[in-house]
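Naming follows writing order (A, B, C and D), and every chain is counted from residue 1.
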Amino acid sequence: MSGNTIGTLFAVTNFGESHGPAIGCVIDGCPPGLALSEADIQADLDRRRPGTSRHVTQRQEPDQVEILSGVYEGRTTGTPIALLIRNTDQRSKDYAAIAQSFRPGHADYTYWHKYGVRDPRGGGRSSARLTAPTVAAGAVARKWLAERYGTVLRGCMTQIGDIAIPFEGWEHVPHNPFFAPVADVSALEDYMDALRRAGDSCGARIRVQATRVPVGLGEPLFDKLDADIAHALMGLNAVKGVEIGAGFASVAQRGTTHGDSLSPEGFLSNNAGGILGGISTGQDIEASIAIKPTSSIISPRQSIDIHGQPAEVVTKGRHDPCVGIRATPIAEALLALVVMDHALRQRAQCGDVRQDVPPIPAVPRTPGSL
Amino acid sequence: MSGNTIGTLFAVTNFGESHGPAIGCVIDGCPPGLALSEADIQADLDRRRPGTSRHVTQRQEPDQVEILSGVYEGRTTGTPIALLIRNTDQRSKDYAAIAQSFRPGHADYTYWHKYGVRDPRGGGRSSARLTAPTVAAGAVARKWLAERYGTVLRGCMTQIGDIAIPFEGWEHVPHNPFFAPVADVSALEDYMDALRRAGDSCGARIRVQATRVPVGLGEPLFDKLDADIAHALMGLNAVKGVEIGAGFASVAQRGTTHGDSLSPEGFLSNNAGGILGGISTGQDIEASIAIKPTSSIISPRQSIDIHGQPAEVVTKGRHDPCVGIRATPIAEALLALVVMDHALRQRAQCGDVRQDVPPIPAVPRTPGSL
Amino acid sequence: MSGNTIGTLFAVTNFGESHGPAIGCVIDGCPPGLALSEADIQADLDRRRPGTSRHVTQRQEPDQVEILSGVYEGRTTGTPIALLIRNTDQRSKDYAAIAQSFRPGHADYTYWHKYGVRDPRGGGRSSARLTAPTVAAGAVARKWLAERYGTVLRGCMTQIGDIAIPFEGWEHVPHNPFFAPVADVSALEDYMDALRRAGDSCGARIRVQATRVPVGLGEPLFDKLDADIAHALMGLNAVKGVEIGAGFASVAQRGTTHGDSLSPEGFLSNNAGGILGGISTGQDIEASIAIKPTSSIISPRQSIDIHGQPAEVVTKGRHDPCVGIRATPIAEALLALVVMDHALRQRAQCGDVRQDVPPIPAVPRTPGSL
Amino acid sequence: MSGNTIGTLFAVTNFGESHGPAIGCVIDGCPPGLALSEADIQADLDRRRPGTSRHVTQRQEPDQVEILSGVYEGRTTGTPIALLIRNTDQRSKDYAAIAQSFRPGHADYTYWHKYGVRDPRGGGRSSARLTAPTVAAGAVARKWLAERYGTVLRGCMTQIGDIAIPFEGWEHVPHNPFFAPVADVSALEDYMDALRRAGDSCGARIRVQATRVPVGLGEPLFDKLDADIAHALMGLNAVKGVEIGAGFASVAQRGTTHGDSLSPEGFLSNNAGGILGGISTGQDIEASIAIKPTSSIISPRQSIDIHGQPAEVVTKGRHDPCVGIRATPIAEALLALVVMDHALRQRAQCGDVRQDVPPIPAVPRTPGSL
């Protein structure tokens, strides 16, 4: 109940600090019989790994995952899967100076008041480094979902700072460090280079999508599928907003246009983002998140120290000038964890439900459209 | 785990259907010794009650709450508080026609596929009527929070359809049916009248705020305070987006402006919305939600029936043309429930933490500003 | 988390006090489509009802249950089932005298220190009256289990005070007020009459059994099926001991006799009580509980008052001289709730597991034997 | 929800298999500021370690614990404490022969049917080796409880096979391999030597006690303190029975003797075992468990193979002839975990409760007496 577990039936408990000996997680509730190896997990970890372009932190972490339990002869056994990632490149000296003051926009102030003690090394527990085990757990969930339902999870950047990024195609996403769905990212690179020179940082907007999700996932009243997605995504470091489907644009829509019509061939639009009444419709689940600018910037900031006295803070160390750049695979992993959890919850309660009429098929739509 | 409970330590389990005999909830975990009567709860229920203006559903429900347990001689005993609200004005005949087809934008389709059975009377479990017990539970939470910490929860409408509503002052909110923070709501009334004549509906944007929240509430890693707020608010019927603090605007901000500076007199801005690293800072907690247009509209819509055949749907009955109009007290209640739960979680784990230096005071700000 | 909910997927939240307006529960997670009416529940409630013989409390409570939600047109909908039982025969004046002192063996002392406030009317929340909603919820579980798996739950008294009760046959159990598996209960009646005349009370031992439980229910490591049964049964008022299978007799057994051998025709004994490694074997689940003597006795007892001063306590009112007499249907209900919960948990995680070789059949055994 | 977590606020998630790379646990919810090092934990681990006498398994495991997270500069930070124990002495070849058949009294049969797959090496997940992380977590709990309340946890063996062990004094417990409270254990040694020569095994009875537990711990209705203790202890491998206080002896007691009288100087007896109405009284908490004879014996047993055909099973490998011998520190750890969890739950809900009259002191009693 101290908040380090996500999910109820596919429950992932995360542990570790940025500069402690190791980070990792324990997955409890994974169905047995799933073929699983470290290579299955490593691929996703590598997508969020730091140090892969000049636009992200230069910390070098191989993020090599070790499966400690729950897998026997290459298959999950139904018992907890413990995943371990050793920290290797901790330069704790970088952080000694900031232990005595609170960085604006950081969790320093709140951790210190909450716990009365704080691990200042690399942000300790509040570091985005702790998303690595989440990505690892998400890799297990997406593998099971893919094999069981054909579910596909993907995401892309749709805005960075002031620059809106058009959707040209999913095929571009793996080929640039921004996870941008465009062929040419030179404008983004120029933008980031200028920002870095200015000692500043910027935010980003990320879109994440799950296709081929079975109809019926999500629990009224409170644990709606969209509510749990919002919980997972808002819980990601630096996220300040979450939208499902049409999101904030729906405020200005009319009922005659927002409500997605149905035909025997499928839904005719997807303003709902694949969720109605908190339950999946079988359409693509669409979510979008706002990520704030990185708080760790080299420009001096006005703050106070732990004695309440004024202090100027300059954050050195190795930081992402836009934490949103590496957020796409993390958001995908979080969405996978939520869908996975609800898939198990659904068959627990409704495993005997059979319909004479199957769900309507998804209407083929332009890729990237809502 | 079927999703009808919100909160872990202040746990509220909701039950009932729109046209069943009764709706209600059970609050488990309320601290003992709180003075509590039905009148304390009724005041909040009356704020969300239907039938109070021409702009909302004309269903007449007194929403009279009965405390069934957990209170002895006017004080909570620490045992479960069961709250009961009898349904009185059910016109189920209105809904007979729609039992065979799926209303666009409604939960009909998903409930039917999830459960294989569906209570069509008034939307059954998916009705916004089920927010009444939530408001009732929220009233208990806000009373405890007010007495213990001086916490105040309030909300207002900031946009309806296309119309952005400026913030003139909290004092206006109780004096108009929109919970709008403006003196003159004639423009809103004209807008709604035209919409109703057109047989259409619109969305709304609601802001909700908690002041005097103690520093330190919220649990890393997953159950961050903002994550739990997002879960609660996105779980409210018709909500498609949630923002904390600067929200989606933070995407285009720079780190030098977004990160709230600190001084010995307090934080100098509140882009964070009162939460850093998932933990309350002591500043005002600020959240904003997008509510989609009501799906129940009189204009005919294209759909299918339960056999998969084409069907035209016209929704009669008594509906809110903008469900956002009555959403403000519900959003306040949900925020109260989340803050309450985390207040108990905080003292469970960190009840012994004492700081030599107290939290910095909140800087006096213009009311309504972030 | 305040302990008033049992079960994780079939979650029953109990509310009410002995002399409050009502008692009841909310069942969350019941599978949809189960035929259910108040009559289905009432039958079990009538079995535990007070006032049905001279050997139990003379309080007259019809214990009429009302289904408030979760059932539509005679079938469960998958949404929460709220069950309400109004209290009718509260004679609170009986309890006024004891509000100022602590009855030995009662929860008075602990409630007062825990909560700082205490509802003394009829024991308030600590009254055995609160087992009525548990029985009601258990009736729903056993109906689903019976229809889905053919599971049968039954129990009987095996000892009352000093008198061990031989097992003559299940068919006798419904025909005497003791739930004793014997044709002639005159010895038990004489024993109880003498005890009542002496103003004293005695304990009892109850056996409870579930047959036709599917193999595979129960979760290692902590939520073993036997662990959850122990939790449920030890949580019943006045229970001081729980055994599974051979129970405490297994201490003096040898491994060569205790371990139940297997043959193609089935297990050859059932010292395990139907559970190995915390998981059901498909054999009968067998549990046994020790119930302490009723604390509410008319004989004067030495105690203290709420100011810490010596006080003599005489408990008047209407009490069971042996609370074990009515415990059998309650223990059955609790066992049903645990099995039900684990049936849902099992198909959540392992719903895809298929074995080429089915479980071995249960070996026909003498009824009543382990 | 797959049962590998114990506790709600002090939540311990266990992972690992007997012959996998490692075992361990994650403790979520530990209060910050507790001084903690690996040495604090190692002492308890060494008490349950195998290979320390001829009466237990000869497997040699150093059981060296590593703290991976949650501790900074020697103090807990309030974030998850991950504990890792590498397996070193796995002789998996010993188990190859048994992978095809089901050992009587073992979890082989149930795991195979539940999960469809089974790690046969050393019993996999069902091995008593998995109690090591529980002992490690318990060490953290007991340290906090000792510092906060002066709580002391201790246990001893009270029966082995047919031999009842008298209580001579706690001081003898650390000085013999049986955790027996007697000066001379030669009779026990002779008994075990004979048993081992016979290729057989026996059961044991263990008593466990917590002193200086604050009054008020435990949650009605279902999560009573005794219910949670029963859950924890029955969840320990091989346990078939749990008693609180007078336990099964209370069946034959009268109300006039069972109910513990109170005086201004304290309770006059402790049949309740320190718990009334599910809530701690402040007296010693007393529990007792029955442990079945080890199932892994060298004598041939009748069984079946995974194809349902008859098979004779002989269990070689290194096994404890009485698993109860090493159970005492484990039972203490489990009791510590339950008390710890309820200590946090109590201050969450009732942290503001203040009594004018303090709890009555515990009456000095003969050590070892109930």
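Keep this in mind: contacts are C-beta pairs under 8 Å (C-beta built on N, C-alpha and C of every residue); 3 or more make two chains touch, one makes a residue touch a chain.
All values derive from a computational prediction rather than experimental measurement.
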Using direct touches as single steps, what is the fewest number of steps from subunit A over to subunit C?
-> 1
Same or different, please, for the subunit A to subunit B contact, judged on whether over half of the interface numbers appear on both copies.
-> same
Compared with subunit A, which chain's mean CA position is the farthest off?
-> C
Comparing A-D with B-D, the busier interface by C-beta pairs is A-D
Inter-chain centre distance, subunit A versus subunit B - centres from mean C-alpha coordinates, in Å = 25
Would you mind pulling out the distance in Å between where the CA atoms of subunit B average out and where those of subunit D do?
-> 45
Round to the nearest whole Å and give the separation of the Cα centres of subunit A and subunit D.
-> 39
Two or more other chains are touched by the subunit C residues 1-5, 8-9, 14, 29, 32-33, 78-79, 114-116, 125, 220, 345, 348-350, 353
The answer for subunit B against subunit C in the complex is residues 1-5, 8-9, 11, 13-17, 20-24, 26, 28-29, 32-33, 66-70, 72, 75-82, 84, 114-119, 124-125
Subunit A partner, complex, touching residues on subunit B are 1-6, 8-9, 14, 102-107, 109-116, 125-126, 130, 159, 161-162, 195, 200-205, 215-224, 226-235, 237, 239-256, 258-264, 268, 271-273, 275-282, 290-295, 297, 299, 301-304, 306-310, 345-346, 348-350, 353-355, 357, 359-360
Residue numbers on subunit D that touch subunit B, as the complex places them = 1, 8-9, 29-33, 78-79, 148, 220, 344-345, 347-353
